[in-house]
Amino acid sequence: MHWDGDRPREHCGVFGIYGPGLDVARLTFYGLYALQHRGQESAGMAVADGWDITLHKGMGLVPEVFNDRAIEGLKGYLAIGHVRYSTTGASHLINAQPLVFDYRRGRIGLAHNGNLTNTASLRRRLAAEGAVFQTTTDSEVIVNLIARSSGYSLEEALERCVQEIRGAFSLVILTENQVLAVRDPYGFRPLCLGELEQGLVVASESCALDTIGAKFVRDVAPGEIVVLDRNGIDSIQTGARTPLAHCIFEYIYFARADSNIDGFNVNYIRRRMGEQLAREYRVEADLVLPVPDSGIPAARGYADVSGIPLEEGLMKNRYIGRTFIQPSQHLRSLGVRLKLNPIREVLAGKRVVLVDDSLVRGTTSGKIVRMLREAGAREIHLCLSSPPITCPCYYGIDTSNRKELIAAEKSLEEIREFTAADTLYYLSLDGLLKVFGDYGRNFCTACFDGRYPIPRETGEWDGCALFAYKPRT
Amino acid sequence: MHWDGDRPREHCGVFGIYGPGLDVARLTFYGLYALQHRGQESAGMAVADGWDITLHKGMGLVPEVFNDRAIEGLKGYLAIGHVRYSTTGASHLINAQPLVFDYRRGRIGLAHNGNLTNTASLRRRLAAEGAVFQTTTDSEVIVNLIARSSGYSLEEALERCVQEIRGAFSLVILTENQVLAVRDPYGFRPLCLGELEQGLVVASESCALDTIGAKFVRDVAPGEIVVLDRNGIDSIQTGARTPLAHCIFEYIYFARADSNIDGFNVNYIRRRMGEQLAREYRVEADLVLPVPDSGIPAARGYADVSGIPLEEGLMKNRYIGRTFIQPSQHLRSLGVRLKLNPIREVLAGKRVVLVDDSLVRGTTSGKIVRMLREAGAREIHLCLSSPPITCPCYYGIDTSNRKELIAAEKSLEEIREFTAADTLYYLSLDGLLKVFGDYGRNFCTACFDGRYPIPRETGEWDGCALFAYKPRT
Amino acid sequence: MHWDGDRPREHCGVFGIYGPGLDVARLTFYGLYALQHRGQESAGMAVADGWDITLHKGMGLVPEVFNDRAIEGLKGYLAIGHVRYSTTGASHLINAQPLVFDYRRGRIGLAHNGNLTNTASLRRRLAAEGAVFQTTTDSEVIVNLIARSSGYSLEEALERCVQEIRGAFSLVILTENQVLAVRDPYGFRPLCLGELEQGLVVASESCALDTIGAKFVRDVAPGEIVVLDRNGIDSIQTGARTPLAHCIFEYIYFARADSNIDGFNVNYIRRRMGEQLAREYRVEADLVLPVPDSGIPAARGYADVSGIPLEEGLMKNRYIGRTFIQPSQHLRSLGVRLKLNPIREVLAGKRVVLVDDSLVRGTTSGKIVRMLREAGAREIHLCLSSPPITCPCYYGIDTSNRKELIAAEKSLEEIREFTAADTLYYLSLDGLLKVFGDYGRNFCTACFDGRYPIPRETGEWDGCALFAYKPRT
Amino acid sequence: MHWDGDRPREHCGVFGIYGPGLDVARLTFYGLYALQHRGQESAGMAVADGWDITLHKGMGLVPEVFNDRAIEGLKGYLAIGHVRYSTTGASHLINAQPLVFDYRRGRIGLAHNGNLTNTASLRRRLAAEGAVFQTTTDSEVIVNLIARSSGYSLEEALERCVQEIRGAFSLVILTENQVLAVRDPYGFRPLCLGELEQGLVVASESCALDTIGAKFVRDVAPGEIVVLDRNGIDSIQTGARTPLAHCIFEYIYFARADSNIDGFNVNYIRRRMGEQLAREYRVEADLVLPVPDSGIPAARGYADVSGIPLEEGLMKNRYIGRTFIQPSQHLRSLGVRLKLNPIREVLAGKRVVLVDDSLVRGTTSGKIVRMLREAGAREIHLCLSSPPITCPCYYGIDTSNRKELIAAEKSLEEIREFTAADTLYYLSLDGLLKVFGDYGRNFCTACFDGRYPIPRETGEWDGCALFAYKPRT
């Protein structure tokens, strides 16, 4: 997996709107802005006016890519948008989404959140049939499949396509007068429907609906195709039938706390995880200390159940930008610390329950533990509101190899030693699922237990390596 | 006063370092970055190498102004730096600091936090003597005063200068081989000393010392000049004797929670303010809701004393940048809301104690109250951890006229009505001061009670209007 | 046609290099820079290292698109490059070239100068077979054709492709270890071969060879495919046999004066055109005045034959950039003139032969004539070193409708009146062709006489309008 | 001297306009654009509206510094502007002009072309009196002098100032309702007056008047102060009386060919220089070849008198920008040549008279000679339309040390050898002056004969080195 410090990274967020009479470009802008946490590398939107599709996209945060002039230039009454995660190193504008294509029926735009697991075999098959590819995106594979379904309507072609592609996908599609959205049969990635007085909205998370003042209608069902057009919402349930496999990490870390996904409020769930953690692992301590911001709800849950008071003893600097001058190793050794600063007054002499949401490589947690000790903490008990991550994800989380997952390589005691905590506790997988009640069986937990909902095809999962080439700009 | 939404704005932050053998430019960069909350308009630093001073400054956040190449170009072993607040509208690079001047003795750099109250009369006097001004900064006035003290050493000239200038000033000065720092006799703005293994540091707040791994030594005393050079720290106590008048708003809102100022930890004080608030004003409620981020410590204090549980029911979008496309009034009326989103699950049907640090124009609080009601809150009791602001500040807070201060214009009941809260309570001034114990008498509380420590001279306070001209770029 | 003021615009320039041991990215940079006059909108290059292809392109002039860092990142030993003309208004990065594709055989890059005349029917056919298009470039059509030739080598596929596409094309292609170049059977656009000590080069014009110190080898023959690889230059003459139809406007205006194309030096030819002009149209005059820079060689030829001295009496401001603040109509009426300034001392009281290369809309020439009169010129005889342009071009010149061509709409006398010249003379078509001697029959002169070498297919010529859509960004 | 390749560099150009009812910002923009050849480093303008002065300046070419929005923001009816030469390396925005100051009487803006020779002693004296300096410009010294003349009107203060400053200066000054201009008593730098229907203009060269449609009125007299305001043009002749010393290099190279300076048309003079050259030095040759663009008028003059035909055999690439990737030494050795390309067809087997305006370091000429030989030229006779430059300039030409002047260090024969020309001839100083007739005695020819009109003060001439400091950004 690819991790930002010690966090896994979500691939993308998608948004779509059908709103005659509305300034859909501006609403898409605000919707994408609300989904910014799902992707900071690039942003884009395609707007249609009944005749044509206009596209604007670029590298950077939503407000960096769009200014007033760009928004003015995007005239129309329906739109789709996309935010993409930030990679380090080279920027890849060519892979920014939405993508817009001309094909048999006219112009079509697509944006995709997730990861197909049979991309390579699909690309191979399509290439053998004469297809050419300009990007490494799944969207380009999908539109090639659609374009080959001659004799079918777009809805039918899409339905056929859904039966060919495998993996995680929450997809929005734009034609000159329709917005379509699809969620894969497993329901890996979230996708929900909302409505405005004059329009219909689809978005990765409900927080995007809230931000633009839209009312939440319902989640798009796994395997469902929805069509937003002048006739309102039309729904097609594709034949594909599989067990559900919602990504549980959306609740643990990815999604915004104020979103509701598949019936659960994310903040509520995080707090319940912390409560469960306190039930499973009770230590004598003076205070519960969240790692800001991701550990805060679980820490509160832990505090509520344990009765140990929660204290905010780690100050976070909120101005860290994307192009930051990193301190040299020498400066780090001198004690330069940019992101978090412990408040000595809170910590000195205290026994601390340090609560975070997850542990990937363990290096950040190790630094925090040491920082707390220097600030005078007497004991540090590191509690994580998720189980050990032992397996890579193939369904849309930025992915590197298993070697970087500390829990795949080390024993619990070795991890504790690595992080320098006095004790270490992971929430149990059973405990995690229990938070969801009966619905707990509907989650993909492959990163914890290796039980992948979709059998892997050899050499398939990296999704973009049709040929042995380096990625291009 | 000039306010960001409903927040007063601090003018600036300053930093200085004397560190032979250290990469002082990089350390100044991290120091300024830790002080970023004190100013987002411009950033700059001047570095000296024993022979000359090199300057780099620009508009924007610290990481926007400085990249690796700029830092590489700033060679030397001593430096001063500055961050300045963000104005809306035209940018004013010419007023960015530090300023560097050639004068009789060579080259000198200055950076200033605060606001002189006799700038206009000083500028008039200096202009009558033939001085010319290229900026509207107090720093330019100060260096003109210093440059006219012929026959004196720099320290003596600075001492004489301190007796001529009135108002709030925490000043750092750079020569080719010395860093000097001065704090005004009232101690309005914070300023503290730190040490590294190989160097000496001065900064507006202790969080800048923590960030670069420096040890806090002590606060610079009001009226003290400190000289950092090869002989270590030298201290000159200027003759000026006045009662202390620390700015209490540093504790209420400006300073970073992890800083310690004049012996008090800011987070601790904010929490005590919340505790005192709970002692003064007890309501029946189901939850305490902080306005993020500024209201959090006080809310916790309130929760601790009241026994009402704290809940985080307002989600803050952290990606709001400086050049953001604002929603039109029409979109706002449709419900577009960018910065805060209430979590309905937390709020529905609840009686809420909404805790914020202060109320300036009242418009933001009004919006939040309405947003909470729409999210289902049954009762909303707005509690502020500071007294009503009734008077403008002349000592370094961005200042507009009294008309914009809601508490200067409306009665308590009118304010409550304006904010649409069910009840409204301000912390009492006595209660606020009680938090500091006996030391409470040493604060400037002019913005609450109009008792200005320095008598105003007519037409003086705006500091930059020597002539009836519009500001220039 | 689309005209820059009164000039037609060339579409593009291409460049390719195979040079193990050479810094091919830097050489491509200089080669493109020498071809900058053929396109100022965008620039790009693709570099291969035997395994993969790396691409860098952007909007703007060559030195704006590439800096040292970009060049450093383009490692390899073979490359192709492209410059594209500047449109006003919206920028179209998506159509910038080279384009790089993955297809059955691996990765392939293409860059194209010219214009296919059967793009629309090819796109329709390919789309019907399931192809999708992301750009409106001919290159994308070509690569789709190549990708469908299964069971053939790349050279064979290219040969088959050449027989399917019609129109003007000088094309360079990059694989991981070969550079291929093709020139259409008509030889519309120039393309030549050169060699360095360690490498082989192909370029639109020989000035690019000179600039990088390469020796001119020969022109690529019409209908020829050349393959540059470890075996040196391989040549395939495609079956296609047609009469030659070199674009004569390359000699009149487009090409750089120091280039040699198909055996003729451009500067030499331009001078001969001026000589021929003097033979055809002799006026009594005091001086020959070239419109800088394009009219200079013909003016010299005219002066040589007529014996009337050439004077440079129009000063050109060379700093006009791409994003220039244009004067309002009011300012123009006040006499603001930015590009050309007449030297009164040269012109006052003189009878002037004003020599320019061509007349498109006639507006610029009209302005110049009036400017000269204001500067005191007594008589102005406007002589053009090419015949009247009466028909649009479909072979690679930026094209708009016939209505904008003054010579298509007005009589000679009307044109004279429009330009306010005392007399007006166009070089005769016979005279123009005579300059080339016997070779004169090998040129396309369709813009003068409407004899199009390739019969037009209805609705075909605009090349990019498969669907009734506006262009997208 | 500082040289661009082999050219000396002019410091600056100035412009001023008083025009109620006119868009003075836009007219100043076009005026500066016409003076762009005098300075490409930075551009700026200050506009007054009767009450205040607004300033906009920046690094780069005029169209880079000003866009429509910037021009819109500059409201008023009088203005001054400035362009400054381009230095390599660090940019120095702080020294960009105009500078605007507050002083006793209000706000004042200044822009300066030239170089004072007693800057250092003036700065020392002013500093001793308490002045501080933020730039290294002469303008700051001048405004300090003006500000100290208490009890005098601005005109009187300026008159007194003119008697204190020595050296070359053409200065424009802006107050809230007046434009003033001053030319030094020697008349080193050009400065002329023009009029529009509704306004008055002052500019470094008459080409700026032509560009904005203004009528040339007269040159500002040496030692004259002109005041443009509601009363029209007022003239003050300062007491200062010295012999005239116009810079002869304005005619040789700096000024635009279409300008008229002190009664002479620059193009005419350059042509006469070439004629005189032909009279002094006659060679057997087949063609006269100008080095473009600066050698063209003299080459034509040479051709006219010698009867040898002029040929343009060197093609110049006009797209060279400011931030260009320079070829490595290795690439240069391979023959990469960016700026000039010889046309072999013109040169092969020919005896060439190569005409250029001047020779500074001789390296560029050497490269051109070698390039011509490679292109087949049989003989190359290098003729320069100015005498050998043997002494540095202290009056406004970018200056480095004598060591770089080839004619100061080498004999004629050594220079010839260095340039690899077959023969070498410089125009005689007498011949140069003869071109101007009787007026020839009124020029500064110090760079040729060391007869400096103003005696140098030790350590004075570099103008900005009050202290032993490196320049700052």
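Odds and ends about this structure:
To keep things simple, chains are lettered A, B, C and D as they appear, and every chain counts its residues starting from 1.
Keep in mind that, in the parts below, contacts are C-beta pairs under 8 Å (C-beta built on N, C-alpha and C of every residue); 3 or more make two chains touch, one makes a residue touch a chain.
Source: prediction; values computed, not measured.
Contact with both chain C and chain D is made by no chain of the assembly. Of all chains, the one whose Cα centroid sits at the greatest distance from that of chain A is D.
Averaging C-alpha coordinates per chain places the centre of chain B 60 Å away from that of chain C.
Computed from the mean C-alpha positions, the centre of chain B lies at a distance of 48 Å from the centre of chain D. With centres taken as mean Cα positions, chain B sits 37 Å from chain A. Those residues of chain D in touch with two or more other chains do not exist in this structure.
Chain pairs that touch one another: A-B, A-C, B-D, C-D.
Chain contact summary for the complex, chain C toward chain D: residues 23, 26-27, 29-30, 33-34, 36-37, 40, 61-64, 66-68, 71, 196-197, 207, 210-214, 256-258, 260, 265, 267-268, 293, 296-297, 300, 304, 309-310, 312, 315, 317-321, 323-325, 327-328, 330-331, 334-338, 341-346. Listing the residues of chain B that touch chain D in their complex gives 51-56, 73, 90, 93, 99-104, 106-107, 123, 127-134, 140, 143-144, 147-148, 150, 466-470, 472-473.
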